[in-house]
């Protein structure tokens, strides 16, 4: 009954099959293998972005930190939501790769920032004033950290603010596929058409073994990105094992199928949980993560029966009044089955 | 006829099998999986180092840069051979992770430094003189970049120099297994017993898909290393796929078998090449890399027939006098077969 | 009618005289001159800290950034008040010298943080959790940015929180002298006895030409500090011109006399301004800075007559209703005269 | 008898007078004072460079490190002579400000590099090869560290090599004035007309208290330079005391007069020393530094009589055979008098 993170899942069978196939014989290293060409072509086609440059790295922290460093000078301010992974879960990786920049928190309900709040934060950084860090970039997250999804229109409104101030936009898409299938929009509409300049396109949480694509819609900084990647220790020698994963992931809509499975599982779990007395959703669930408050007694029986998920915040205590509501995060992945959901619901019910 | 790099090989069947097995079901992420415990135990047993701490990363550049940064302050000088991978092939990764240190080249024949040359280099950095960078660490490479192997005694002599100056020693062991099987020494003798403090223990070039272990023989800086790894984007979420590789690699001597295959293949290739008229070895071949000068005509026919390897230096020209000797590097791996060697030799012979 | 900043003042006559005297003949460079020994002895005596190490630098940003970097690893979180100079007025200098740390804002009225707020901020950084930056240091400011003064007891309470979490404390004392004379405490009570580990002891704003002392009450990191200073370009060759200033500044209580003059001038200005109809103090004035709201009409006449000071925030507009209150900061320095104060008050009155 | 360094001299009377004058009354801070405008105009006129931007900093390490960082990305290689101050006397300041670049040593007699040697060094950095740092900038030094002077033609030849590879050129001119008066060239010919892009124009060693100008002949990176200066802690609040020095220094040819005095003093000292039996010049003396080998006995009597200068290298021993030649560096400054020279010569003669 594993609902702690989509990181706890393994790789989808198609991904493993691709890795096995890629292992046959010799191949050029460092991204010169044929499969990397296929990945590039797939990304360009899927995103309707024939100029885009594409690079593969091992995980989301890397994709984010390298992307942000590529569009932020060492004295830059990067605007992000207060719950953003880059701000709270990466041990300062963006600041390290930037060489000392500053992440500026933008508050906002439901894990989202509003255009007005973003504009206020940017305006609060005095420009052309040498005593202050300088406005440099905006980074958004979709699916957000609270499981909500920015629509293409919402993204476009935020990107318009950024563009207004002359700032590039990075999108942390560790769960981009989940956001995409939750919307009625195309990959292009959820990225560059909305105004996104660099995308971290997640694979790991959604059925890959460990690979993320960084998509530079404007290829002007491609070579700089390559140097940053190498220098950060992020250029794989046997790179074919990254491109094989990403190629399979993007072929025949596998990435969307996997994301849909995860989202659907979360919907089913939500329905079951919210039907319980005393249960309450914390945010609108739109993708594969569900945040809910449940009476403590329900948590106790779930955990006793082997349910695994995180309290939100993590440090809630199992001891205390039975009916006090405790908040928790439940994450479903491509591999979550109806049986697993049923088991958890049964466990919660006690 | 692939002899360009051991990076061009795939993963050994045992490694792929381990990956498939590891993919079964859910697992804790970020190194909390059971297999990481097995890896730790294996490294400790193999190296007779019950206190050692062990971390897994994706490639050799990362293992080296994180290790060196862990034992060098931002104002430190790190002494390395002039051909060292850290100095010439990592796009400044060590300096990046250190935060601006200085790699100091030590010259030396056969890809090796002598204790006297190392001592002279260290002494040339004025100590306690605030205008100079400060002596910080020594990094050695074994198997060296020219395919030679330091014996345990040679390593010990170099480490003694370092210790004399109070400097820690890092060993870049991207091809540690190849060096080990070329020697009559134990893993401990080739590392901490000789005086090595931190080891980059290579897996990728020797039959893994992409994994290196960093072994801290003194665990005092373990937590710092973990933070540096995370912050560098080098903590894998689905870490089980790193530990599965390393566990299989170190189990039942697989790593040594694979290295022996590679070394034996290089010996066979060497015998064949040096039997050719005009051929000459550049360095003593001790592991899986062979450097030889051959008349240009032989290169021409080899390359025409599909032989793939690097001139040394890379920019030699195929045009020119037939009998002029051109140097080249030939690398064998765990997967190099007798047939492949025969094919290359036939191609060279024309 | 200059009330914009204590930086607009020149150097006190005693300081200029000391510079002239120091210019006589040859002197050892880089801090080896005899005067630096006198400075060290003076600081140790004044602060009753015979072990303290003392270094001189050019300005407050440098003193702060070097001090903070000396007690914060690259992955560290540094807790500071939301208005702190290090957070908003140094263009990211602390993050640059740290190598990428994170300044964490602590809110609080009157430019001060409370022990409870500080503790909450520290606790919000998960410790031993590799995904987060790590608690590293606390930096306080006295005189605060809003002109209030922490008492020795208040400082001690904040330092106790820091010590509880094992964190060192830096004190930005760009206006330490002003805080000191505003209190009934000794230099020791306002620094190490309260729990401060490193002090930026300001000279520039209080009558020097350009010099600040960094006082390391625990000398363990003295050599590291020296290397950081040199490497940051902050070791003066003709260092005698720094030590001459600081020696004169600390001799016979000059620093206290100058600070008292500035504080007294601010008190006089405050009395005059607050007597005006519609005037209101924003914070309790305790040192040499006064924050007050005045009807716009008064600002208009003051500025028309040549009054110079900053609106707070800076971007207030002179156009608008006459009686609308606009906030402003008025700073007095050692050189502010009664005549200047009278002139400003006359100007404000129109 | 102070001949250790031009840093041991004080400030020239004209500089002190300017500082006293500048201390009168209030002045805008951070470079907004009128004198900074005069400095800018003076530099532009003297260098015939009406577009140039000019910034003042405290010392040569700062001028160099900020300048180099402004024209070198974090993954860049900077080519410098093996004896360059930036390489051996700045505790890694350039690497710190660059964020981890690599200084590449170019060998060469007399403290100079030849165009051919520079070209070879640049070519040895593989370009467009992601595993290597990338060619970024060239930094030259004039007066060189061994007291020789590049002619305008020599500078132009080196800059032509740099330009050929598309690399900007920085000139460390800590002793630019001494080089200038040793040549028959104009300031423009010794800088931008030769191809220099950024100049560190020294003041400190040549009669100032502590100020250097950085001249950006191409102002495109002026704002970036300002941010780097602030963030490095190098923007003075009471900046008028920097501009006052530089204004006086550049007015009415003071800088040239002071440099000429220093060079002439060195010529006189050289004549005296080389007339001694067993004395020999190590390099061609062209400016204010003299390197000579003298029999040990002469050093002994000089030092016994209070002569102060550095052995070259520093660690030569006073004990040993009387007639063994020991090398030393003698530096004259603007303040060196004929009497002082006579005194040293008398002391050497015993």
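Read from first to last, the chains carry the letters A, B, C and D; within each, the first residue is number 1.
Please note the rule applied: a residue touches a chain if its C-beta (ideal position, glycine included) is under 8 Å from a C-beta of that chain, and two chains touch if they have at least 3 such contacts.
Please read all numbers here as calculations on a predicted model, not as lab measurements.
Participant: Which chain's mean C-alpha position is the greatest distance from chain C's?
Facilitator: Max centre-to-centre separation from chain C belongs to B.
Participant: Tell me which has more C-beta contacts between its two chains, B-C or A-C.
Facilitator: When A-C is set beside B-C, the one with more contacts is A-C.
Participant: Return the distance between the CA-based centres of chain C and chain D, expressed in whole Å.
Facilitator: Each chain's C-alpha centroid was found; their separation is 34 Å.
Participant: Averaging only over C-alpha atoms, locate the centres of chain B and chain C and give their separation in whole Å.
Facilitator: Computed value for the inter-centroid distance: 51 Å.
Participant: If you average the Cα atoms of chain A and of chain C to get two centres, how far apart are those centres in Å?
Facilitator: 42
Participant: If I count partner chains per residue in chain D, which residues reach a count of at least 2?
Facilitator: Those would be 30, 74-75, 90-92, 96, 99-100, 130-131, 227, 230-231, 235.
Participant: Which stretch or stretches of chain C touch chain A in the complex?
Facilitator: Interface residues on chain C, with respect to chain A: 74-75, 88-92, 95-96, 98-103, 126, 130-133, 314.
Participant: List the residues on chain B that touch chain C in their complex, please.
Facilitator: 30, 73-75, 99-100, 130-131, 134, 224, 226-228, 230-231, 235
Participant: Quick check: in the complex, which residue numbers of chain D touch chain C?
Facilitator: Listed in rising order, the residues are 2, 5, 7-11, 16, 19-20, 22-30, 57-62, 65-66, 90-93, 96-97, 204-205, 209-210, 227, 230-238, 240-241, 335.
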